[in-house]
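These are the structures, in C-alpha cells.
Same chain, two partners: subunit A is paired with subunit B first, then with subunit C.
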Partner chain A sequence: MLESEVLSQAFELGFTYTRSTGPIVGRFLTDLKNRKITGIKASDGRVIVPPMEFDPDTAEALSEFVGVGSEGEIVSWCWVARPRDAHPLDKPFAWAMIKLDGADVAMVHCVKAESQNDVATGARVRAVWADETFGMMTDIRWFELL
Partner chain B sequence: MTSNSAVLAAVVGIGQTKYQTKRGDVSIAGLVREAAVNALQDADLTFDDIDAVVIGKAPDMFEGVVMPECYLTDALGCNGKPMFRVHTAGSVGGSTALVAASHVQSGTFKRVLTVTYEKQSESNAMWALSSPQPFSVHLNAGAGGYFAPIIREYMRRSNAPYDAGIKVAVKDRLHGARNPLAHLHLPDITMKEVEESMMLWDPIRFLEACPSSDGACAMVIVSEDVAEDAPKPPAWIRGCAMRSEPTMYAGREEVSPQAGRDCAADVYKQAGVTDPRKDFDCAEVYVPFSWYEPMWLENLGFAPEGEGWKLTMEGATSLDEGGDIPWNCSGGVLSSNPIGASGMIRFAEAARQVRGDAGGHQVDGAKLALGHAYGGGAQFFSMWVVGAEKA
Partner chain C sequence: MSEQQDMITDIKTPVYLQYNFTAGKSPARFLSQIKQGILTGQRCPSCQNVYCPPRGSCAACGVATEEEVVLSGKATVQSFTIVAIPIPGNPIKPPFVIANLVADGANISFIHLMSDCVNEEVHMGQRVEPVWKPQEEWGYAMDNIKYFKPLDEPDMTIEDIGKLALNAEKV
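Up next is the complex of A and B:
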C-alpha cells in the first residue's frame, strides 16, 4: 500500500481555563495595574523581580515585598531586526535583560530603539506604561532609552 | 512489592487541604505547598530532612499547565534534590504513593515526600476527558457518560435494586459530614433527595456523582529505622500493587476488570489477607459514582460476584449503621474530588485509620486497611495495604 493511502486527519483541540495567581504573583500584577513594579526579598537578601512565592535556595515562603524603580540598566540584549506578528513592537526592537533600580536580578522585557547602535549593555532605560493597565506584564508597553 | 522489598516503609506524615469548589486565594504552587507543609508538620520533619519528592496529578490537559512539576520545585522544597512525576490518570494519587513507597522500599531514599493535587476550578476536566479524536466515536460525555453504560450492565447482571446507588450516595455523604476536610457536608441528606436529583447520565443522578474540588494531599514515607523514631504512630506499608489493561477492545470485561482482580490478589497475598471482608477493618476505595461501591465490593473480593449490592443495602459498609466493613469513612470521592489527589486521599485516609488519627470518622481500633484507586477507563489500578503493626 502506498503511504498516501493511509488515512489521516487533522483535528483541533481547545479549552478554556482559569488561573489563580496567588498572593505573591497576584500582588505583582495588581501593582503593575497601578503602574508600580514590585519585587520580593529572598533569604539571602537579594531583591527578586518578578517576585517568587518560595525562596529559590531555602524553599521558605517569601513575603517581604520591595518596591523597585521603573528605571534600570540593560544587562544583556539582542536585536530583533524583523519583528513577527506576535512581537510587542512592529518595528525593529531589542529584547533585553533589565536590572531595575533596587533589584538584584534582571528581568526580561523589550526596549524600543531606533537602531541597534543605540542599544548597549549598561544603557539606562525607563518603563513606558500602557494608556490603560490591566494587571498584566504588557501593562509595561516597552522600555525606552534614557 | 513489599515481599521483595529491601526495606520496610511506613507513612509517618499526612497533610491535606480543606477540599472545596474553588481555592481562588492560592496559586497551584500555594495549594501543593499547603498539603506538603501539613504532612511535614505531622511527621515533625522539615523540607531539609527530605531526600526526594514524588508528585502526581491527573492529565496536564485538565488545568492546561504542561509538566507542572517543573515549576513546583521551589514550592515543594526540592531544590537540589530528585523530583519525579507520575502519570496514571485518575489512579495517579494511588500510584504516586506507590512510586514514593518503592523509592524507600528499595533502599534508595530514607525520607520521601509525595504530593498530589488538582485545581478543578482552574481546569476543564469534563471536556478534557471528552476530546474528539479522528476515526473514533466522540462520546462527548465526560467520565459519567463513559461509566454509565458499564453500571447499567452491572445492574442487569446482578439484579441489584434500583436504589443501591442512592444508598451509597447517602452513606458516603453521611461519612463526609464527619470529616472536616470533606468538600461536601450534607448531614441531612436523604434517599428521597438523591432520587429526586437530576439524572445526569442514566442511571447516575447528580447526587450520585462526585463533586469538582480543589485540593492537595501529601504524605511523608520513610524507612523502618526512621519510622521507629516518629513522633506519631506509623502506618506500616504491608503491600503495594499496580495493574493496567487496555481501555477499549471488543470483549473486554468492563464491569469487573481483570486488572482490578489481579491487583487485589497481589496486594492481599503480600499482606497475608485471605478474606478481605474479615481481615480488613475498613477500606478507602475509589468510588466516584455511587454504583462503583457494589461493583468494587465484588471486584475486590469483599462479596461474591453479583452480591456486592447486598453489603451496601445491609449497611455493612456504613459507619453510621455499625457495619462490619466500613468503606470510605472519610466520605470518599463522592464527598471530595480533586482528581489527581483523590487516589492519594484514599491511601492517606487508610493510613490515618491504622494510625488511630482519623478523628470523627475513625473506625475504633482499626489495625488493617485497604487504600484503592482506579483511573482511565477503569484500566489502571493501584492499591496498598497499611497496618498498625509491621506484620
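Up next is the complex of A and C:
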C-alpha cells in the first residue's frame, strides 16, 4: 500500500449530562448550598449521609432528614500522590471515608494535608466550604485536619 | 413555597473523555488523499468489495485491503434521517439531513451531511454529488466535502444501491 505520514490528533468526547436529583438528593444538595450537611434516618435508626432515597434493609422510601455536623472522623483513607486534572486538589491529598458527627455511616470526600504522615484513621477533620456554593458536593472544597 | 422554588432539582454532571486519536495506516492514507481533494476507497482482494472510507481490512473476509481505488464522489442515498433536535457542540442548526451514502464504485456507506435539498424530498436511492470547500481550506478531514447535494439523475433502485461497479456509467 502507498505510505503516508502518521496522522494523530487530540480528541475530546463529552457527555454533557444533566441529572435530576429527586427530592432526597435535591434536599441534600440544597442544604449544601446553605453550608449544611444533611443525612436521613433509616428504619434501624442509623443516620445515613449522604441521604439515601430508600431504606437499605426494607427498601421503604425514607423521608426523615437529620442534620449532621460539619466535623467528623476519618474511618479509612487513601493517599493520592499524583493528583489528576479532574481531582479537587492539584497537590497530593487523601481520599477519605469520613464519619461526620451525628452520622452512622461514612461519606467519601477529600482531605487536604501536607503529608500522608499527617493523615490517620481516627483523625478529626472539619469541612472547608467553598467561597461560593452551588448545591454540589464540591461546595465542600475539602476537609482539613483538626 | 419560596423554599420549594429554591430546591435544587437537577445538577450538571458532564463527563469529558480525552483521547489521542491516531488514524492508522489506511485511514491516514485516505485522509492524505482527501486533503488533495481525492475521495478513495480500498478493494478487498477476496470479495472485491470496495470500502470507503477504508479501515485496512475487509470486515467480511478478514483480509487486508491494499488496492486503492479513486472514486468520483458521486453517491447514492442508502438511508437518511432528518435531525430536528440541536446537539450540544454541533454548529449545524437543525433541521438538517444526515445520510448514509454509498459512493459510486464503493460497496459500503459512509455518513455525511446533505444540503441544498428539500429535506422532505430526500429519499432512498436518490443520487447526490459532493460540494467541496474551497481548496485552500482542505485539511485531513472528511468535511473537506461540505455536504452532498442532489444530482439531477434518475434514482437507483433500492436493490442496486452499493452494487455500482467502478467506472460503470449509471444508465
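To be clear about the criterion, the second predicted complex is superposed on the first by the 128 of 146 C-alpha atoms of A that agree within 3 Å, B and C clash if a C-alpha of one lies under 4 Å from a C-alpha of the other, contacts with A are read in each partner's own complex, and residues count from 1 in each chain.
Rule of thumb we're sticking to: contacts are C-beta pairs under 8 Å (C-beta built on N, C-alpha and C of every residue); 3 or more make two chains touch, one makes a residue touch a chain.
Because the structure is a prediction, the values reported are computed rather than measured.
*Asks:* Name the contact category of A:F54: first (subunit B only), second (subunit C only), both, or neither.
*Replies:* A:F54: touches subunit B, not subunit C.
*Asks:* For A:M136, using the defined touch cut-off, is the partner it touches subunit B, subunit C, both, or neither? Pick first, second, both or neither.
*Replies:* So A:M136 only meets subunit C here.
*Asks:* Applying the document's definition of touch, where does A:N117 land relative to subunit B and subunit C: first, second, both, or neither?
*Replies:* Neither partner.
*Asks:* If you stack the two complexes on chain A, which partner ends up touching A:V6: first (subunit B), second (subunit C), both, or neither?
*Replies:* So A:V6 only meets subunit C here.
*Asks:* Does subunit B (first) or subunit C (second) touch A:L29, or do both, or does neither?
*Replies:* In the superposition, A:L29 touches subunit C alone.
*Asks:* Which parts of subunit A are in contact with subunit B and also with subunit C?
*Replies:* 7-11, 13, 15-21, 23, 26
*Asks:* Once bound in the complex, which stretches of subunit C touch subunit A?
*Replies:* Contacts found on subunit C: 6-23, 25-29, 31-32, 42, 66, 68, 88-89, 140.
*Asks:* Quick one: in the complex, what on subunit A touches subunit C?
*Replies:* These residues of subunit A touch subunit C: 1-21, 23, 26-27, 29-30, 33, 135-136.
*Asks:* Show me the residue ranges of subunit A that touch subunit B in the complex, using the header's touch definition.
*Replies:* Residue positions touching the partner: 7-11, 13, 15-26, 52-59, 61.
*Asks:* Where on subunit B is subunit A touching in the complex?
*Replies:* Touching subunit A from subunit B are residues 23-30, 33, 47, 61, 63-64, 74-79, 119, 121-124, 127-128, 131-135.
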